[in-house]
Structure formats: structure tokens, C-alpha cells
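Next come the structures, one after another.
Presented sequentially are two complexes of chain A, the first with chain B as partner and the second with chain C.
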Partner chain A sequence: MPFSPTDCVSAARGLRLRPVPEMGTCLAYDPARARLHTLNATSWLLLTLCDGRPRAAIAAEFNDALRSLPGPAPEQGAFSRGLEQLAALGLVTTAANPHASMQTRKDTPP
Partner chain B sequence: MTAAYANPVLETPPKISVSITEACPHACAHCYSDCSAAPKPRELSIPAWREVLAKLADDGFIQVYFEGGEPFAKPGFLDLLEAVAPRMMTLVRTRGAGLDAAVADRLAAIRVGRVLVDLMGDDAASHDATAGAPGAFDSACTAIEECARRGIPVDALVVLTRRTAPRLNAILRLAHRLGAERVGILRLYPLGRAKRIWEEIALPLEAQMAAIASLDPPDGLGVMQSWHPRDQNCCWQAAALDAAGDIIGCQYLREYVNYGNILERSYLDAWRNDPLYRRIRSGNVEASCPDCSATQRSHGGCRSTAFAFHGRWEAPDPFDVTLNEGVDLAVLPDRLR
Partner chain C sequence: MTNDISPRELLARLGAGEPRAGEIVSEVRTEAALPFFGEHGAAPAAGINVSGTLAAIISVTAVLSWQSAAAVQDWLTDKESDSPGVSNETELAELVSDTLFADSELAGSARYLGTFIVAGRAKRTVRMLIGLTRPVSEAQYASAWGRALAATKATDRARFDRIRTFLALLLDEETVQVEKMLLLSAVGDLIGHSIATGPSGA
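Then we have the complex of A and B:
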């Protein structure tokens, strides 16, 4: 699924998250698709960051959060792969950034 | 001396099983709830269940597995399901009675998460003989087909007995043909009416293991079973209510425990504070199968069958070949007769 860095990414409407911190997981119930997913800690973090901000802003906070954890540095492309997986499950939706669109229009010659 | 085994620990449980009714139009020979056509007097009403389930969702439950009795035989059950589905993943176990095309349409609209249909044979003669109801086989097959046709995930369930063992592979093929994604093969529990015909239908463990080893599912059909090395002690995550709202931890513990009624005590209070509930979940058992604990991350196997055959909560599960200790599973302990 193609993404633009200016796209805004949100958790799917109606999604209910149920953290299970004892297991290091979070259950995500998607009533529209009647599916219950078990997310690992990385996917759980990423989904909670998808609050309608532009993709680039989510990526920055996601990578900062992973770098702050002990252990090896996050793998290259972890954010993109994680977001694609969440999108494939229908757990996130993307929308064009209205501010980015206005900028484009302003820059376009009449 | 008891070894120091421990199960995973959940602060609060996310999933629950609810026996919504103990009424059923069938008369299954091994019915664990000893169901009859009429509901039992203490059974909670649909409005009461609505309140209970809303509170459970508030308390962090995110999945509810409805069973019975026959859930579709309880008037108002579909309305209840519709009220619950926006907040909790819903699964429904049924014998198929009443699950026709119109009900399947409603289930699809409600967005039920999964339907699980019991098969007791691979043809009308074998299925209906155990179900005690002519037409039961046709109902079960229709239920699977109508759900599958609408894209509702559907599984078939089979209890392993002397009656079903010779037919297991035929049942797998039937379920696949009807559109089931998976078949769950379940052990027979000494509960309800099953106790009265135990010697007639229960298999020795060796015969159970042979039946499981002989499984030959068609391509694309999943098979779920919990014999060695997959014998799980799932009590650590188990939550259940019976039709009267009694807190029983697991449907298979229905004759052994009662942690209070949900109208008088919150589920989380029982989970956190009932000493027996905490003890059963702990996994601090007398013996643990290393193979099963490696695959299931829990110890000792099923607590219901361990308690049934030994009378001790920490006893080994005799359905596990490494923990059986010479117990003949085809013979019911005198205590349970």
C-alpha cells in the first residue's frame, strides 16, 4: 500500500485496545471486521502513536521510542514495515494531509 | 513434595466464556449441562445479561465466547449479541439448532467473530443418535454452510468418544466440505450426562492417542487438539460464568467450583481475591510434562480432568501420556458416579 510522508495516519474507527502488559502484548478488537488481533510491543507502540498526525511525525516519535529502549538499535525500515502490517490488518487508516494539499495548490501555477 | 511450577500471571482476564442458557432442543447423550428443553429457574434474563456484559466490557474483557445449552434457543440472544459485538469479539458455540439462512444473515450483520458448530457424526444416523434429536445433523450442516457462505469464520467441534473415534477423518472431510476453517477435537469430560454413560462412550488414553495420530485432514483444514504434547493448563487465563451467573472460572469446572454470583460480586473481585480461584490458576502442580509446558507455557495439564480423576487440584492430568500414572480413563472414579 503506497504511503506519502505527509499522509495523516489514524487508528481505525471503533478499534478497542486492551493492553495485556503482563504478556508484553496488546489485544486489538476491530468490530467492523470482527477480528481480534494480538499485537506485540512494537506494533502496540506504533498503533498508539497513530493519532491522526502525519506519517513523518509518527515515524520520528516511533524511532525515538525504540532508540530509548535498551538493546540493539531498531532495524532499518521497522517503522514502514510495521505500518504496512497494521494497514494490511485494517487497524490504521490514512488520509491526505489537508495542509500539505494547500501547499501543493499554492505552489502550482494557475 | 510439590515442585515449584508456576503458570503465567494475568492481573485481569481479557476473555470470558458465558453459558447463556442451559436449555436446548436437543438431548445430547453426553450433555455436560444436563440440558432440557425448558430453561432452569435460576437462569439470568437477557436484560440481566446485558448489564453483566456491559460491566465485563468496562472491566477490560474484550472477548466473550457464548455457549449453552443452545444459545440460539434463548429468546433475545441475537439482540444481546448485537449489543455486545461493538465492544467485544464474539464467538458462539452451537449445535446448529435454529441457525438457518435468516439467522446467518443477522449474524453477518451483527459481525459475529466466529461460530463453532458441534458435529457428533459424519451422517444423520450417527449424529442424530448422539444428539437425541431427528434432524439435528441437517441443522448442524446447514449452520456451517450458511455461516461459511456469508464469510463468517466457522469451526466444527467434535468430542472424542468411542462413537466419534472411528469417524474422525470422515468428520474432518465433512466439515471441510461444508466450509469450516478448522475442526477442534475435544476431550470428553466427566460432567453432566456424560458421567451416566461414561463406560459406554469413554476411550482409554491409548485409543485416544491412536485416534489423534490417525488424523488425516484435507488440505486447507486446520485441526486443533490438546493431547500430548499440547496439553495445556489454561486455568491461568480462564474466566467463565454459568447460566445462573455463577462465577466458575472454566465451563469444565462447573460441577466443582463456585466463586459467587456475578449479580453479587464483580468478576475482578473473584479473580483477585478468591483463594481457590487463585490457587487453581497458579500452576503450582505436583507434576509437569516438559513437552507440554514447553509448547503451552503452563504446567500440569487440564485442572478439570486432574481434579475429576484424582480429587486434588494440584494432581497430574491423566489425559497426558506422561502424567497418566496408570489411570484408566475409560472407567469413572467412584466419587463421580
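Then we have the complex of A and C:
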């Protein structure tokens, strides 16, 4: 799914999360589709950041969080790859940013 | 062990890795039914009533002669306890739930789910199921049984002898198999932890 940096990204409605720290994962249950998913810690962090903010803001916080951790960070592009995985599984939804639209209209010559 | 942990805390423990998310095929159902024939067709009260969630099931399975299987069946229903009306099976269930991990942090995490008998033409398969609500290693499980039996022997010798009789019926058989089946999808109860209210705090 192609994402625009201004798109707002939200976790799917009604999603239920259950961390399983002893296995290094978090289970995510999607009751609307009766699907169970497993997320590693990185994907879990990414999902929890998807609270309706624009994609760029989520990316900034995600990358800041990973940079603050000890040890090697994932390779560049981890955010995009992770978001695409979540979208492919139906765990996140996107919506056009209304503020971005207004800005575009304002900037568009008549 | 608590599951109240945030993704940042888990990342701090494990380090950041490449994001990975995938679907779990948690259950496969068919519409088929297994037919049972003969005089021992329908098993009464064969359902397993589990409240809460299980992390694993221990299955102790033995293929017994009809005579030994009948002894198991008789043992389960016999009421030899000092307490009136308490069957041997109830005592076994109490041992599993109350005594098995009583002296450890895993106290109360085992449940006796039942003993089930499948009739065959020449043999019978007897299967005892014990549910574990928390992940328990095989070593912890084995030593818990040793301690529970020792404690029972010290406090109630007659009960210990009854339990030992039952365990011997199953475990002394050369066909016995003990399996630990992990229930991945049941490790988390998936109840009440939404994005908005979950322990992640997001």
C-alpha cells in the first residue's frame, strides 16, 4: 500500500494487544476479522505509535525511539517496511490528512 | 510473571530488530466428525470445561488392555476418601490444582482437565490432561510432581496410596507417552487490552 507522508495512520479499530514478553512478542487480535497476529517488539512499538498522526510524525518518533536503544539499529527503511507489513495484515488504516488537504487547496492557484 | 510491559521496555531488553509481523493460524477446523462404534460409543461428559486461559496442556496417554482401562475407570469413580462423596478423581484434581506447584511462584497454575478413555476393538486409549496457565519448563513440572507426592505422602498416606495406584496404572505401561503441547494463542488472554487501554499505554 503506498503511503503519503501526510496520510494519517491509525491502528485498526477494536484491536486487542497482549504482550508475551517471555517470547519477545506481542499478540494482536483483530476481532472484526477474527485474525490473530504476532508482532516482534519493533513492530509492536510501531503499531502503538499509529494513533492517527501523520505518517511523518510517526516515523520521526519511531526512529527516535530506535536510536535511543543500545545496540545496532535496524537497517534504513525499517519504518516503511514495518508499516507496510502492518497494513498488509490489516492492522493499520490510513486516512488523508484534512489539514494537508486544506494546505494544498490554499496553495493551489485558482 | 506480569505482562504489563511496554514495547519500549521490551525493546530495551531485546534490542531493536527488523520489524516483523505475521498472522498466526491459531485454529483449523474441519466439518468432519470422528465416528465411534460399539457399545462404548458416546463418552459421557466428554467436554473440557476450561475457565480462563491455558499456556500449555500436558497429555499423559497410555494404550491399555481392556482390563487395565476398566481399572482406571473404576478408580476414577471410586469414593475411597475419608470425605463422604469425594471421588478419587476429585482428589486427583485437588492434588493437581492445590498441591502441584504449591511451594513455588507457580502456585495455582495447574488444572486437572480430566481423564478420557477412547474405546478400541482390542485396546483402550486413556488420556489424562493437565492444563498449565503459565509457561512451565519440563524440569519444573517434573520436580513439582515429586514434591507434591512427597507432601501428600507426609500428610495423608492413604490419599498418597490412592494417587500412586492411579499413576501406576498409566505410567507403568510401556505404551505411555507424556507430551507437552504449547498453546501459543492462549498464552495471552487477549481480553481487555485494546490499543487504548492496553499496557502499552498508547
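One rule holds in what follows: the second predicted complex is superposed on the first by the 110 of 110 C-alpha atoms of A that agree within 3 Å, B and C clash if a C-alpha of one lies under 4 Å from a C-alpha of the other, contacts with A are read in each partner's own complex, and residues count from 1 in each chain.
Here is the rule we use: contacts are C-beta pairs under 8 Å (C-beta built on N, C-alpha and C of every residue); 3 or more make two chains touch, one makes a residue touch a chain.
Predicted, not measured: the structure shown is a model, and the values here were computed from it.
In the superposition on chain A, A:E75 makes contact with chain C only, not with chain B. Taking chain B and chain C in turn and counting the residues of chain A each one touches, the greater count comes from C. By the document's definition of touching, of the two partners only chain C reaches A:W44; chain B does not. When the shared chain is aligned, chain B comes close enough to touch A:A32, but chain C does not. By the document's definition of touching, neither partner reaches A:A60: not chain B, not chain C. Once chain A of one complex is fitted onto chain A of the other, the partner contacts of A:R16 extend to both chain B and chain C.
Contacts of chain A with chain B, set against its contacts with chain C after fitting on chain A, overlap at residues 14, 16, 18, 20, 22-23, 27, 29, 35-36. Per the touch definition, chain C reaches chain A in the complex via residues 1, 3-8, 10-24, 26, 135, 185, 187-195, 198-202.
Interface residues of chain A facing chain C in the complex, by the touch rule stated above, are 11, 14-24, 26-29, 35-49, 51, 65-66, 69-75, 78-79, 81-82, 85-86, 89, 91.
Within the complex formed with chain A, the residues of chain B that make contact are 8-11, 14, 60, 62-63, 85-90, 111-113. The residues of chain A lying in touch with chain B in their complex are 14, 16, 18, 20, 22-23, 27, 29, 31-36.
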